[in-house]
Amino acid sequence: MMLTLLDELLLFSGATLLVALFIGRGLAAGWMVTILYGGQLLALLKMAVLGYGGGTIASSLSFEIMGQELSWRFDGLSWFFALITIGSALLSSWFSCGAWERSYIRQGGNIWLFHTAMALNVFTMLILLASGDLLSLFIGWELVSWAGFLLMVLAGGVATSAAMRYITYAMAGGMAIFGGLALIYTASGSLQLEAVTTAVEQMSGAKLWLLVILFGGGFGVKMGLMPFHLWQAPAYAETPGPGSAFLGAISSRMGLFAILLVLVKLFGIVNIESLKLPFTPIDARDLLAWIAVFTIILPTFTAMKQNDARHLLAWHGIGQGGYMLLGVVVADAMGGAGGLLHVFNHATYQAALFMAVTAVIYRTGTSDLNKLGGLVVRMPLSFVVLLIGIIGLAGLPPMNGFVSKWLVYRSLLNQGMPLLFLAAVIGTLGTILSVYKLIHNIFLGQLRVEHEHVSEAPWSMMIPMLILSAIIFVTGLLPGIPLEWVASALQTVGLPVPDHTLGGIESASGSLDMIWVIGVLFAGFGVGALVFYSAGRSKRVHQLDNYAGGHFLSADVRYQYSDNFYAGLMHLIGGWYRGSFLWLERSIRSLVEFLSLGMQGLYRRANAEFYLLTTALFVIAWVVI
Amino acid sequence: MSATELLIELTLMPLVAFVVGMMMVLMMRRIAAKLQRRVGPPFFQPLYDIVKLHSKRTQVSHGLIHDIGIVMAMGGYIAAETLLPVPGMNGIAEKGGIITLLYLMMIPSLGLALGVGQCANPNGSIGIARALTAMLAYDIPLVIVVFGVAYAAGTTNLIDIIATQQAGGFETWGVTQMPLLAIAGLIAMHASLGKQPFEIYIAPAEIATGPMVEMGGKYLGGLFVMQCFQLYTTAVLYVSLFLGGGTTWFDFLLKSFLVLAIPMSIAYLFPRYRTEDLLRLMWKWPVMLGLIGIAFVI
Amino acid sequence: MSTNLVLTIALPLLGAFLLPVLMRSSVAIALWSGPAILVYGCWTVAELWLSGFAQPLSIAIGGFAPPLGINLYVDSLALLFAFAVQLLGLVFWPFTLDQESARRQSLMLLLVAASTGLALSGDLFNLYVFYELAAVATFGLASASGSGAAYVATLRYLILSGIGSVLTLFGIALIYSQTGTLNLAHLAQLAPAQLNNSLGLTAFLAILIGIGVKAELFPVNTWVPEIYATASTRLSAFLAGLLSKLALLIILRLLLLIFHQPEAAQVILILGILGVISGELAAWRAKEMKRMLAFSSIGQLGMIFIAMALPDGKGMLAVLALALHHLIIKSGLFMLAEDWGGALERLRGSAKASPLGAVLFVLFSLSLVGMPPLPGFWAKFVLITELAAQVEPLYLLGLTVFLLATVVEASYLFRIAATLYSNPAPDTLSEEIPKSKGLSLATASLFGAGMIAVALLIAPVGDGLQAIAAQAQDVDLYITTVSPAVSGGSQ
C-alpha cells in the first residue's frame, strides 16, 4: 500500500503522540516532541500545493462501519487550518522546553501529561481537519473536544472547575451536532458531503432552520459565540502557559472550520440567507452576523474589566472570533478573506501574547495586573513582543491584525451594513483600551520593589516569541503571503476570492497596499526620530526616581494607577454589565438542581408498590377508554 | 508617475502639512485671544515655540519608550499626511484609503500613551486612561460618518471621494448631499481635537494632572509638532469628506481654515465636560445624527 | 449436540440444590463445582456458536412437539444472552470459602440457571417460572450482605417484585384465556387475529409493568437505587448488567412476535422517556458512586426502552447495541465502585492511588456518554438515526431528551473523574484514600479490555449485531422453526 502525503502527516502526528506518551517523562522529551512537530510541519509543507490552488489529497485510511463510510482527506481549507495548528503547536512546544518546563516541574506540574495532551490535541485536530464526510467530522469534533478538556484540566484547582464547565458546554454542543447529524442522515440517507449538498437543496425551510441552529449552535460553542461564550476565557486562561498559547491560538477556531465546512460549503450562504425569521426582516444570515458582532463587543468589554492578564487575553480571544465569523458570514470576497485571514493573524498574535504573559509569570510569579508594573526596563524584549502582539490584536497598522480587520470592515462597507460596521469598530476601540491597560499595567508605570532585579525571559522562551513577532510583522507587511493560502481555502468552500497582491488587496472601490503604508509609516517614524534626536540630549533618570503631586516618591510607596483603569468610562457603562449570561447559566444550573432533587425524592419514597399499582391502573384505564 | 515625483510628493505633503498646521495653531491662538479680548501672539510664535522647546537644556527622559512614544506621535501623523490628498498631490492615497488613514491617525495617540506610561506618573496614566476613553467616545460618531461617506461614494479611496464631490460643484459636495452626517462629523472632529469642552484628558489648565505631566523640552516640542499635524489632518480630512476637497490651493486652504475656525470659536465659550459626560454627549447626538444620515444615504 | 444446551439450564439448577449438600462432604469439590458448571455452560454455548450456527433451532423438551410441549428457542440473540449469562456468572462468582458463601454460591447458580432459561425459553409460562426463580435468587443474594439497610431494600424489592409477578401472571392468564396457548410461536400465529384488541393490549401492559420491575422500567424501578447501593457490588453489577437486559429481552420478544399495536410502543416510549429524565436527573445530584451508577442505569435502560419503542422492529439493532454496551460498561463501572464506595468527596486523590482504576473509569464514562470511536458512540448513533427518521413528534421528543440527558450524564460522570484526579484534601492521610485493587480492579480491567476490543473490531461487531438483529426480527422464521408444519405464518 502506498502512503499518501496525508498518511505521512497523520503518522508523524501519531508518532509524536506516542513519543510524548511513552518517553514524555524525560527532560529531553520536550525537545524531542518539538522536533517532531517540526517534522509534522515539513510533512505539511510537502502538501503545500493544497495551499496554492487546491485539489485534495486523500488518506488511504477509510472504514466502513454499519453501512457508514468513513474517509479522510485534506484540501485547501484543511491545509490552511493545519498550518496554523502545527505552527502554533511547534512554537508553543518550543516555548515550553527548557526553562519553563523545569519551573513547571518544580511547581509540581506533570510535564508528561502536558506534552501528551498537546500532542493529542494536535493529532485530533488534524483528524478533524482531514474529515471527508460528516460522520468523520463528528468523530474528529468529539475527539478534539475531549483532547481540549485534557489540556484544560491539567492545572487542577480552578482549572478543573473551568474545564468541567467547558465539557458541559462542549457536550451540549456536541449533542446538538449529533442531533443535526441524525436529521441530515434522515434527509439524505448518507453522510457523504455530496449527498448532503443534494439533500439540502430539497429541504424545507423549517428543517434547514433547525439544522442551521443545531450546527451553528453546536460549532458555536467551541468558538465561544454568544451566548455560549462563558466557558472559554477561564478554561483557556487557567491552562498552563504554553498550553493556553496553543489553545488561544487555534483551539476554538476548529469551530470556525466546521462552520465553514457545514454551513458555508454544504448548506451554502445563499440557502441560509433564504431562511427568514418569521415576523421580522431578519434572515438566518443576519442572525449569524448579529451573533458575531455581539460576540465581538460583549467579550471585549468584559476583557477590559479583567484584572488577570491571562483572563484578559482569553476574553479577547472570544471577541476576535466574532470578527472571523462576521467576515465569513458576510461572505463576499473581502469578508471571506478577512475572516479566514484573521484566523491566521489571530493565532500568531494571540500565541505571542500568551507567551509574553507566561514569560512575565515565569519571572514574577503573577499575572495579576494590579501586582505588576514598570517591567519594560527589566524585560525589554518581552515588552516588544507584547507590544507587537497588542498592536496586532487591536488591529492597528503595521501589524497583521490590521489587514484582516480592514478586509472585514471593507466587506461590511461594500455590502452597506452600517450597524454591523459600527459594532465591529466599537469592538476594535474597546480592544485598544483594553490592551493598553494590559501593557501599561505590566510593563509601564511604576516598577515594584520586589521586581527590581527581575531579568529578561530565558532564550528558550524568547526565541519562539521573537519568531512569532517576526511573523506578525512580516505578514502585516506582506499580507499577500497568507492571502494566497486564504484564497485557496476560500475556493474549496465556494466563496469568492479577492484580487490580492503581495502587499494587500486590489479593488476598484479602494485598495490597500501595506508595503507602502508601512513604508511611509516607518519613514514618518524616521523623520520623527530625526527631529526628536537632533534636539538637545536628554537626561535619563532612574525608573524609580519620580514624583507626583509635587512630592518625591520613594519606591516603597505604591502609586501605580492600575485598578479601575477606565474609571470615567465605567461611570457611564459600568451599570451595563449585568452579568445576564452568568445569571442565565446559574438559572439553568439551579433548574437542573431543582429537578434533580425532585427526581431523587421520587425514588426515595418508600411506597413503591403504590407507583406500580397506580401505573397499572392508569394504563389499563387508558386502554379501556 | 515616476518614482522621483512620488518621492517629492511624499516629502512635500508632510512639510506642507507642518507649515499649514503651524498657521492653524496660530489661528487657534488668535481666535482665543479675540474671544478673550487679548492681543494674541505674533505670526511666528508657533515656530518660536517649537524651536524653543527643542533647544531646552533640561530634558528629562524616563527611558527609551518615553522617547519612542514622542517619535511615534510625530511619525504617525507624518505618515498619515501622505494618505491625505491635497490639490495636485495624491501621494499614496490610493494605496491606503480612508480606513487606513483613520487607523494611522490612532498611532500617535498610542505612541503618546506608551510614552506617558513609561513616565511612571500616576497622573499621566490617569490622563491617558481619559484620553483613550475620549477616543472611544468620538471615534464612534466618526466612523459612522466615514461609513456614510464611503458608502455613498461607493469607495474608500479618498481621491475618488473628492472627485465625485467636485464633479457637480457645490451641489454634489458632501455637506449638501449629507448634511446630517456633516454635522455629526463636525462634532466628532471637534472632540477629536481635544479642545474645550472636550479637553478633560489634556487638562491644559492643570498640567500636573494630564498626560503632559512628565513632558518637558523636546518632549513637549514633539507634542507641539504633533498638534500642528493633528489640526491640519483633521481639518483637511473634513474638507475632503464634506467640502469637496480643494481644486486649488487657495480654496483648499480657505476651506480648511474655515472648518477649523468653527470648533475653535465654539471651544472657548464652554467649560469642560467630565469624561462620562463627554461619552454620553458623543454617544447621543452625533451618533443619532450620523445614523439618521446613513439611513438617508442607504 | 444441541440438546447439550438444555444442560446449561439443568446443570446449574442441579448444582444449586446439590451445593449445600456437597459442602458438607467435601469443601474442595463444592468450591470448584460451581465454576466448573459455568465453564461447561460457556463452552457448550460457544461450541454451538462456533460450529457454524446459522439457522435458529427449536428444542422440544420431553419429546412433545410444540405447541403442546414446551420448547427452547435458540437463535443467535438467545445464544448471545445465554453465553453472557454463563460468562458473567463466572466473572461475578462469589469466590469465598465459608458456610455463608455456600449459600451465596448456590443462589448464584440458581440465578444463572434461571437467567439462561429466560434467554432460551420459547413459551410464556416457562418464562414466568424462570422469572420467578431469578427473583427468588436475587432476594437471597441481595439480603446476603446482612446489613439492616440491605434487608429494608430487599423487602421493598420483594414486595414490588411480588406485585409485579402477580401482574405478569394476570397478563399471561388473559392471553391464555383469549388464545388457549402460551407457546410464543403459536401465539405469534394467532396474535393478529385474537390479540390485536384492547384485551391483548391490557395483557401486554400488565406483563410490561410486571416484568418492567426487573427491567428498571419507570416508574416501577424505585427499588433500584436502594438495592444497588446496599447489595454487594458484584450482585449489583450482575443485576444492572445482565438481569435487566434479560427482562428487556422478554419484552422485546413479546413486542416483536405478538403485540404489534402502536399503543404498546407508545406506552413504552413514554415510560422510556420518563425513565431517562428521572434517572439522569436524579444521578446528577447523587452523593455516592454506587447510587449514581444505579440512577444512571435507570436512565440508560430508559434509552433502551426508547429504542424498543421504534415501530416495526426498527430499533432492534439499537436495542441490542445499547443493551450489550450497557452490560459491559455498567458491569465495569460497578466493579470499580466496589472499592470506591461512600461519599464522593472521599475519592479525592484516588487517581494517584490507583491510576489504572481511574483511567478505566474515564474510559467507561467516555464510552457511556458516547465519545467516538468507543462503542457507546456507535450504539447511540444507531439509535438517533432511527429516531430522527420517525415523523411522530413523540419520537423527536425522545431524541431531544436523549441528547439532553447525555449532556447531564457527561456532567456528573466527569465530576467524579475530576474528583478522582483532584488533590486530596490537605488533612487526609494517604491510607485513607480509597484504592481500587485486587479482584474488582482485575474484573473491571477485563471489561475495559472487552470494551477496547469491541472499539477496535467495531466493523465486524457491527455487522454481527446487524445479522443477529435481522434474525431476531424475522417472525416467520421463528414460527417455522418452532413448528415446521405451519408455513406462511402470520404477517
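Going in written order, the chains are labelled A, B and C, and every chain counts its residues from 1.
The working rule: a residue touches a chain if its C-beta (ideal position, glycine included) is under 8 Å from a C-beta of that chain, and two chains touch if they have at least 3 such contacts.
None of these values were measured; they are calculated from a predicted model.
Q: What graph shape do the protein chains here make by touch: line, ring, star, complete or other?
A: Looks like a simple chain-to-chain line, open at both ends.
Q: Of all chain pairs, which one counts the most C-beta contacts?
A: Chains joined by the most C-beta contact pairs: A-B.
Q: Taking each chain's centre as the mean position of its Cα atoms, how many Å separate subunit A from subunit B?
A: 36
Q: Using the average of all C-alpha atoms in each chain as its centre, how far is it in Å between subunit A and subunit C?
A: 45
Q: Which whole number of Å gives the spacing of the CA centres of subunit B and subunit C?
A: It comes to 79 Å between the two C-alpha centres.
Q: Report the residues of subunit A in contact with subunit C in the complex, numbered from low to high.
A: Listed in rising order, the residues of subunit A that touch subunit C are 63-66, 135, 138-139, 142-143, 146, 149, 153, 156-157, 160-161, 163-164, 167-168, 171-172, 175-176, 178-179, 181-183, 185-186, 592-593, 595-600, 602-603, 605-606, 608-609, 611-613, 615-616, 619-620, 622-624.
Q: Under the definition above, what is the set of subunit A residues touching subunit B in their complex?
A: The touching residues are 373-374, 376-377, 380, 383, 387, 391, 395-397, 402, 406, 409-410, 413, 416, 418, 421-422, 425-426, 429-430, 432-433, 436-437, 439-440, 443-447, 503-504, 508-513, 516-517, 520-529, 531-541, 543, 546-550, 559-561, 565-569, 571-573.
Q: Report the residues of subunit C in contact with subunit A in the complex, numbered from low to high.
A: 156, 159-160, 163-164, 167, 198, 201-202, 205-206, 209, 213, 219-220, 222-225, 263, 267, 277-279, 281-282, 284-286, 295, 366, 369-373, 377-378, 380-382, 384-385, 387-389, 399-400, 403-404, 406-408, 410-411, 414-415, 418, 421-423, 458-459, 462-463, 466
Q: Hey, which residues of subunit B end up touching subunit A in the complex?
A: By the definition above, subunit B touches subunit A via 10, 14, 54-65, 67, 70-80, 82-83, 92, 94-100, 103-104, 106-107, 110, 113-114, 117-123, 125-126, 128-130, 132-133, 135-136, 139-140, 143-144, 147-148, 150-151, 154-157, 160, 200, 208, 217-219, 221-222, 225, 274-276, 278-280, 291, 294, 298.
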